[in-house]
């Protein structure tokens, strides 16, 4: 993460502010408010505002005049009930806003979540910094041999070195030429050349590759945040977006601890069984032998179920 | 408005709370936070939470690390610019939550705005109070003779009295029979009848008419709030929803005064001219005579334009 | 269902049309296109347009240039895979439009699904017909004693008769006074009274109760249709909306048979197990004894799991 | 545009299909259905499905049982009325689906429109072709000197040549190294190297720059399509997205000619005047002299108004 002294000073100033409010306030989240949590080599996640708390979920479920909360145990029970039965609207009553710095290829996955508000730093309007993502050696993985959408072994030795080298060289050249074409010394630090007009920013940016960092404000409600996390904190998510989701899981825990626990138990750690899957489970519990053929499931679905039940393939 | 002592006590308790926060805080809005502003005969609007302020709009437009605000004049200029050019995403960065009590026929119009989160008091789950809307005499209007969707003269004398009488009588009977069918003395105050099981609430509710009050939590962002207000605070909106929009206009002014002013100037008070409309205006300014036929506009559009320009129909 | 001869003639005319198209076309759905399927005593569901078929889901998942479909078996496998892993975007590529006539209290539940487009018949603009919902005797249920949100036993004998009587009497009076107040003989058939102006429609409508029928055009995509059906065709849904969902299930089957089957198997017939739930299942399959206390689940969750596994409460 | 023979054959096969349907069908749109309209150097836009026509808008506005259409003139009048008064829901009743091939930096602007469904070709799953955007000389523009978000003069001579050269060289190297790192000869045509495992696709893709082409299925309704076009077919839109919007304007005209005309007149060619703007116009028409100071407008807003009225700055 590379915060300039000016940026750090702006953050510090914001953290120094103290106002009195009648609104629901969450000390554990206030603690990290505005702070940049580092992610990847130059990225970060910062919570910059929030609205509501666990109590607001309870309050909305009860459409109450006051706080609507009762004993913590009852509130926890109600929240778990809402989560289990997918009553999502009370969770929409809380809102959170992040400032995120992330590589463009990660931003392209992220933006597919449409139920959020976004303000992105514009490379049409401004000049992007010379910051790009280079994976750590442990993340430099080969294509998975059995999953077209995943990673296999980590690259090693000369191959790893050659790949890192190329990624670095191409990114550096990418930015150097981007800067040269725009010919804007104040923004890029490159020497000016009065014989050239300089290419428009909105065109020059296409010379940057997908590893360069962009940043945005991203705001969503608690329900949609959990939907995002359930997909992106999942082990099938690409590592480079998963680390962002993990940093956000920590803010979820600070913000709404009861909701966080219910989310782990009834969403992230939960599994879905198909109609044939639950029937197979019932038979296995009764001690019957079941195999794939008579289960009616496809070979793939059967394999997934056996893995889930921690059994080997034959029953 | 009919707040029970318990409800008023819950509201007072919420208003008494005082927390310290690092978040942007708006004293003028805090002043009325949680208070119920009366609307119609039994309804109200209460702001129960908010996130962000005028500065958050500026901050998002600049994707800044700190507050991002400069001088008030510059911020006001930027906000007006964003409003004029319909750059809506920075306004999505602020959020507000209301608790509203309103007649069901108003709720049915309101819910058509889909970009909001709603938790409504459930008449499937709970028993509704005996509260229904009766228009004030000044609002008891006849059908408009030239607008199929509007009101004309106010009803007078015997007709007004007869109408009010019917509305009242039918609503009262509606609730009495609703309560009788459910046979739930604790909830309705009606005498119990042990010979009857009582009709399910989810069925009994259909006996209530559209004038009965319901209530909900309604949360939306600043952009969508202004869209709602631009339609519902408009003179063409039905009176019974317009009074809610007007109460909310006051909260908008307290919350984000710069945005509020830009909204009045560039949205609520603004007009749209069609391609032929602006061409007609250009010719009129040059002192040319234009009439409907050569304007290319329909008679109706021409009339609307002349009204807008405060001219009589002939030019 | 009460279609007037004019309405039936309009529907017949639409059904008589035959056009040639290059678009994906589904004969089984064309067969019922425009036809009104009766629901409840006066309601109906009509499919009035659609776009795409099972092939369009496959095509989108493959971003192909042509149809993208292969053998039916491969397509079915891909669709089941997408459904199981909640890859929802390919299902958004198909669209369907219904014309629905339904009681207002059903419409109020239905409209809570925000990801759809709606045009409702306006009682602000037009006069509603004298048609209201009266439950069949078998649906006249008491409040459930163990579920605040459900129905228990069917009412019988005198109580049933008294309830039906009240519902009918209040609805009839509701409409009679509605019509009288508007004083519009052409629309209502009631005798004119030249001594009265007549109340505006937008006000008079509030005298109608929630059992009266409204109608709308409702359009959504296949993904959101299935979300709607998964909630409303569920046994926990109120009977009066479930019958609409069931009529729509038939159109789903005709339209996209492969998706329909995958939906039954992996969504409607599927179950979700919490983290502790799946751990309990694993132990039961291994033949271990587990009881509620050591499972870590709440009593309620435990009960739900045992029901699901078709076991009695003790293990 | 580079369609492979296989792709062209798939398109031709789709165009050869002919089905009979009861659905509203639009011959002028069917004519181009599935055909790829070239945009930029390698991109295209293809309409691949649609639902509804001008009649469906009218039908929805009237919630009718049959076609609901009357004389063309009446329908045109109703459509213009709906457009002028921003009654948007009837336009949501029509749907269209495109297959688009476009540079990634264009895709990043496009995806900001959230009210659409998208399936994008996945570079996590598949290998991207070696196709990138190179501007034509006439589009190689300098940064605008008075608009931070726009283009100025066209670059000329040596500067133009040098810029084109760099763009080409960096893109070519970008892809060559991308291909080399993945080490997948079947997909890239590059020689295999058995000493290397090959980098995972999901990582290798970050070496591609923002000028490379991606493709997606994009589906939206008529209302949201017009919103997209009103922003992207506007003269302030970046040229590289505007040419896509222009190709789509042609499909709009073929599909819904009445809506298209109303869109040009009341949206794309329309202007908005602020409260002070319309007051200034009224005064100018009455022949009064108005200058910026007394108009109450900012210098910038005044300039914009004078340009619109085709006057010079002083009045």
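Going by the order they are written in, the chains are A, B, C and D; count residues from 1 in each one.
By our rule, contacts are C-beta pairs under 8 Å (C-beta built on N, C-alpha and C of every residue); 3 or more make two chains touch, one makes a residue touch a chain.
Because the structure is predicted, anything quoted here is derived from the model rather than measured.
Q: In this assembly, which chains make contact with subunit B and also with subunit C?
A: Where subunit B and subunit C share a partner, that partner set is A, D.
Q: Comparing the two chain pairs, does A-C have more C-beta contacts than A-D, or is it the other way round?
A: Counting C-beta pairs in contact for A-D and A-C gives the edge to A-D.
Q: When the centre of a chain is set as the mean of its C-alpha atoms, what distance in Å lies between subunit A and subunit C?
A: For subunit A versus subunit C, the centre distance works out to 34 Å.
Q: As a quick test, compute the distance in whole Å between the mean CA positions of subunit A and subunit D.
A: Centre separation, subunit A to subunit D: 29 Å.
Q: Which subunit D residues touch at least two other chains?
A: 118
Q: Could you please specify the touching residues of subunit B with respect to subunit A in the complex?
A: Touching subunit A from subunit B are residues 3, 6-7, 9-11, 13-15, 17-25, 30, 33-34, 49-52, 56, 59-61, 63-67, 89-90, 92-93, 95, 97, 99, 117-121, 215-217, 219, 221.
Q: Going by the contact rule at the top, pick out the subunit D residues touching subunit A in the complex.
A: So the residues of subunit D touching subunit A come out as 103-105, 108, 111-112, 114-115, 118, 122, 124-125, 133, 135, 139-144, 148-153, 155, 159, 163, 166-167, 170-171, 173-174, 177, 180-182, 184, 195-203, 205-211, 238.
Q: Which subunit C residues qualify as touching subunit A in the complex?
A: Per the touch definition, subunit C meets subunit A at residues 77, 80-81, 84, 264-266, 269-278, 281-282, 284-285, 287, 298, 300-301, 308-311.
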